[in-house]
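Working notes, structure below.
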Amino acid sequence: MNAGQLQSLKDLIEFLKQQNVGEFELEQEGLKVRLNFGGKEKPTVSGPDAGQIAALLAAAAPATSAAPAAASPAPAAAAARAAAPAADENAGLHIVKSPIVGTFYEASAPGAEAFAKVGDRVEAGQILCIVEAMKLMNEIESDAAGEIVKRLVTNGQPVEYGQPLFAIRPR
Amino acid sequence: MNAGQLQSLKDLIEFLKQQNVGEFELEQEGLKVRLNFGGKEKPTVSGPDAGQIAALLAAAAPATSAAPAAASPAPAAAAARAAAPAADENAGLHIVKSPIVGTFYEASAPGAEAFAKVGDRVEAGQILCIVEAMKLMNEIESDAAGEIVKRLVTNGQPVEYGQPLFAIRPR
Amino acid sequence: MFRKVLIANRGEIALRIISACKELGIRTVAVYSEADRNSLHVRFADEAICIGPPRSADSYLNVPAVISAAEIADVDAIHPGYGLLSENANFAEVCRASNIKFIGPPPEVTRLMGEKEKARMAMKKAKVPILPGSEGVIQSEEEALDWAKRIGYPVILKASAGGGGRGMRIVRTAEELPNLFRAARTEAQNAFGNGDLYMEKFIERPRHIEFQVLADEHGNVISLGERECSIQRRHQKMIEEAPSLQVSPKLREEIGQTLKRSLENIGYQNAGTVEFLMDEDGKLYFIEMNTRIQVEHPVTELITGIDLVKAQFRIAAGEKLSDILPAKIELRGHAIECRINAEHPEKFTPSAGKITVFNVPGGNGVRVDTAQYAEGVVPPYYDSMIAKLVVHGVDRAEAIARMQRALGMFVVEGIHTIIPLQQRIFADEDFRAGFFDTKFMERFFEREKQKNAQ
Amino acid sequence: MFRKVLIANRGEIALRIISACKELGIRTVAVYSEADRNSLHVRFADEAICIGPPRSADSYLNVPAVISAAEIADVDAIHPGYGLLSENANFAEVCRASNIKFIGPPPEVTRLMGEKEKARMAMKKAKVPILPGSEGVIQSEEEALDWAKRIGYPVILKASAGGGGRGMRIVRTAEELPNLFRAARTEAQNAFGNGDLYMEKFIERPRHIEFQVLADEHGNVISLGERECSIQRRHQKMIEEAPSLQVSPKLREEIGQTLKRSLENIGYQNAGTVEFLMDEDGKLYFIEMNTRIQVEHPVTELITGIDLVKAQFRIAAGEKLSDILPAKIELRGHAIECRINAEHPEKFTPSAGKITVFNVPGGNGVRVDTAQYAEGVVPPYYDSMIAKLVVHGVDRAEAIARMQRALGMFVVEGIHTIIPLQQRIFADEDFRAGFFDTKFMERFFEREKQKNAQ
């Protein structure tokens, strides 16, 4: 994706947010992206924000940011999906993925401090966040040691199996 | 087709003739050949002979004798079809094709002398044979001058549009 | 039953006929042009014979080539499909002379129905309602005024020799008639070298409604009800359905009886379609008869449960209607057909080329008739219709919903198709409400243009 | 009607359910494993959520994953399809607790029918004919001899805890009973840690015949007639048809009435299938009930004109059968389904891989339910069935002819399928004559072996 395309996308996202759009679909040659933020009230965030959409877009649509050669989607394993978003800028980073389907929470309770923030140094086994599934709060541990350089999802956001949550620069 | 395969095919053809088989189908990966000599009595020949089957096979199934690279049949124009039978041995030869559907006759009447035989030198515009369609005897003229080196069909044989009839070495 | 049949056609209808033959145990011979060497009708026939170069005139329309192929393949019968040679009475005659059964009516009947004025008179005599009009050529303005008065305005002047809109004028009042008459005559003279005009009642918003008939060779005719074919672009049908919302059981029965009588008189045989215009008051007027199987025959098959192409063969083999059809024909549910053309969905430019992705919808109540496949090629030489998508539901609402889901699952890539246009039509309120006539598409495009301009 | 439904399944049945939802105007959420990312059920659903890695146990059978997906997608209902979680009463209970409507019967009924002995007793109480057998566990050889005498030889001993043929013995005379009883008990003890046995009448050449039922949530049950499913290989159905040649209208009506009474008593809801064995004298014996939509439901849809999956949704939304179904259910024609499995047609080894060519047959009377496409991949993790080819004809002869031509036009390359085997079955004289039972395939393979040996 070139700078002009990126800017168009950012404009679109801002516009979508402004208009309180709850769902968004993007279809291109051989590529289809679906988002849905409508429906149930999120306990801690009032609505989707632009960063959230951008993160989901990045996670769900590797082809938009990958090199042209990868434009036609091949059967993609989760690893490929996770690695693909901006392969250039994530090079050398370890991606922590959600092991379950559920809702992402940064903290143990609304208002409490987040388990992990960008810039934190974490150990393997350290709790990074919670993914709630069926009212159960599942603590998600880091599977690498290093520095958190990116959080790829927002508080209260629904996440798929295998969806990238954090990018860690390994020690 | 290697020598062993060719021998097998010859055996098969002899067997088919022996058994008075009137129809024959050959199917291979991506290739299908159909023959049918049953039905109406041919006025001058009493039944198909091995040469006739071989000629039809060669005409209808370029892939069996062409190089392996051409093994998967592409949309084939008549030219390609005509040129393909043993592209190696026919190199440099001009192929006279049937301009109409009908029945091939070598002579103007049963028992009469053939218009053209292998070894004859012919001029462009000279009559080579007759293709009968709807009881009309259509004289087929040579569209090249040279020596007839091969006749690719037998007397009384049904021919398609574009089917190779003679191979001529141009002068 | 026949032993071996040659199919003198290509594309989906050739495959449709081959399927019927296979189910009847008849051997099949395909003929093909050089452009169709890799077509499915060639692949699935028992034998296949190349009859000429790509141009139809040199291959599929080449009577000696088709007959020669039939002779060398030694067939008993030829099925002509639709279009091409199907309504060519000369071809049917050559078949007869060659001792090959032509699957269709005798050449005399085809010829009668091919001459519109004679067909009209034959139907009028048999008490089939025809569009009121002048009898023969109108000699003068005075005569034209006289006919217009008798027929009732609006009327339409048409060139006897013509077609394609030339020499045609709609006349709404007596005042404007003389000028329009002169203009039409001059135009006809220039276009066709013949200035003869005739006059018909003009229907502002006609529906195109047609009746399917079957006739055996023992003098029995039956009507299998109507199809509604008003969704047309430039006189090309796009969507057909059965039954029509506008035809009551009583009207269906009446027209059915009238057609039975008239076609039995005429000596009709095999399958045929009688086309009518319906005016704003729901009255039907005969316009012409098609003496062949029709593109849109599947909608009738779905609601009657009768296989029309198999019936054609059984009739041609001498069977009686009473042995072919159930004792009572019941119409069940509602069927709709969408023609899927390889055309740009807005510009309508033909879109030949290689199909890269071809996902055909399936599942409950969905029928697809096509000879296309993934990696197949749409040649530029022939009709642009590459598939017919047909659905059957308990009622029109279910059929529409089913068509919408099926259109959404019909994926064609590599070429353009009118699937996106069909989807917009099925979302249109007027279409869904059944509020349409043959001018529907004009209004539809106008509405879209206005919406896009906003 | 529901606003949004999650489909907890994959393959053709997921697409079948999505199609029904689209036609009903319900939004759809697909769930998928990583192996199914490019599946059509993912493509054609409105939303799609990845729920786990390829192994079913970690994805499609993972209840928390499915329920979480349902919660984050905010659906009203879950359709479980067949297999996977469809007969898991616990899953249905979790759905209820999560305030999500499970499209199927209440968990209590699923649980009752899941315990074969209880189901048998419940049906016996309701006067449904069951296979004569011992009541509960047989304690001793003497008791076994006593039961065998009452039931009548041949009988079959089965392990209470078992399945898969272990702990199973056919007993034809009183003399051989004691030895076989001891052998079965030892085998059951070793295999299941439980040596309990029970006894049933043994039918040498049973047919498998099942009745489709629908039940609303207002206490009304209706039977939609039977399906004949005797063509099986290793207890896996391969070909199903409706109606059965062996079920007279009288028997159909009787069983229908009995099932109506019994299932109304039990409080059955939604779609279900009651499976019977038919003995050589044409008597039916209840064996079990499947509390879900069945793979072979299309044959019933084709002859009744009822969309069973749509009916499931309408029932679950609280509609009454009288509003969903026509006043009178009429069976029309004959339907046959062939399962197209990605298996080697002789060795039956599963054949996963990339499909290179996929030409689906179409035309009159042919229905294909599939989620496969050209260039698609058959993953090695799941059931090998990649398509269902279903035909409808005016009678069984037409349906067979139609299936033969459709099988011949079904082209799959890149993987193996059992299409060649299905073609040989449809050419078999016994099959064509309707002379078969659940042992048909064994005899068929035996005959083929002998032919090939000659």
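Chains: A, B, C and D, in written order; residue numbering restarts at 1 for each.
Just so we're on the same page, a contact is a pair of C-beta atoms (placed from the backbone, for glycine too) under 8 Å apart; a residue touches a chain by one contact, two chains touch by 3 or more.
Computed from a predicted structure; not experimentally measured.
S.K.: Shared touching chains for chain A and chain D?
M.R.: Correct list: empty, since no chain touches both.
S.K.: Steps needed, at minimum, to get from chain B to chain D via touching chains?
M.R.: Minimal hop count between chain B and chain D: 2.
S.K.: How many angstrom lie between the CA centroids of chain C and chain D, rounded to a whole number?
M.R.: From the centre of chain C to the centre of chain D is 43 Å.
S.K.: How far is the middle of chain B from the middle of chain C, if each middle is the mean of its Cα atoms, in Å?
M.R.: Here the centre of chain C sits 41 Å away from the centre of chain B.
S.K.: Please compute the C-alpha centroid of chain A, do the same for chain C, then give the distance between them in whole Å.
M.R.: Centre separation, chain A to chain C: 55 Å.
S.K.: I'd like to verify one number: the distance from the centre of chain A to the centre of chain B, where each centre is the average of its C-alpha atoms, in whole angstrom.
M.R.: Taking the mean C-alpha position of each chain, the two centres sit 67 Å apart.
S.K.: Enumerate the residues of chain D that touch no fewer than two other chains.
M.R.: Residues of chain D never touch two or more of the other chains.
S.K.: Spell out, as numbers or ranges, the residues of chain B touching 2 or more other chains.
M.R.: Not one residue in chain B touches at least two other chains.
S.K.: How do the chains pair up in terms of touching? List each pair.
M.R.: A-D, B-C, C-D
S.K.: In the complex of these two chains, what residues of chain B are touching chain C?
M.R.: 32, 34, 36, 38-40, 73, 75-78, 100-103, 133-134, 136, 158-163
S.K.: Okay, in this complex, where on chain C does chain D touch?
M.R.: Spelled out, the residues of chain C in touch with chain D are 15-16, 19-20, 22-25, 40, 44, 298, 301, 305, 307, 309, 326, 332-333, 357-360, 362-370, 373-375, 394, 398, 401-402, 404-405, 408-409.
S.K.: For the complex, give me every residue of chain D touching chain A.
M.R.: It comes out as residues 34, 37-38, 43, 46-53, 59, 64-65, 67-69, 71-74, 94, 98, 377.
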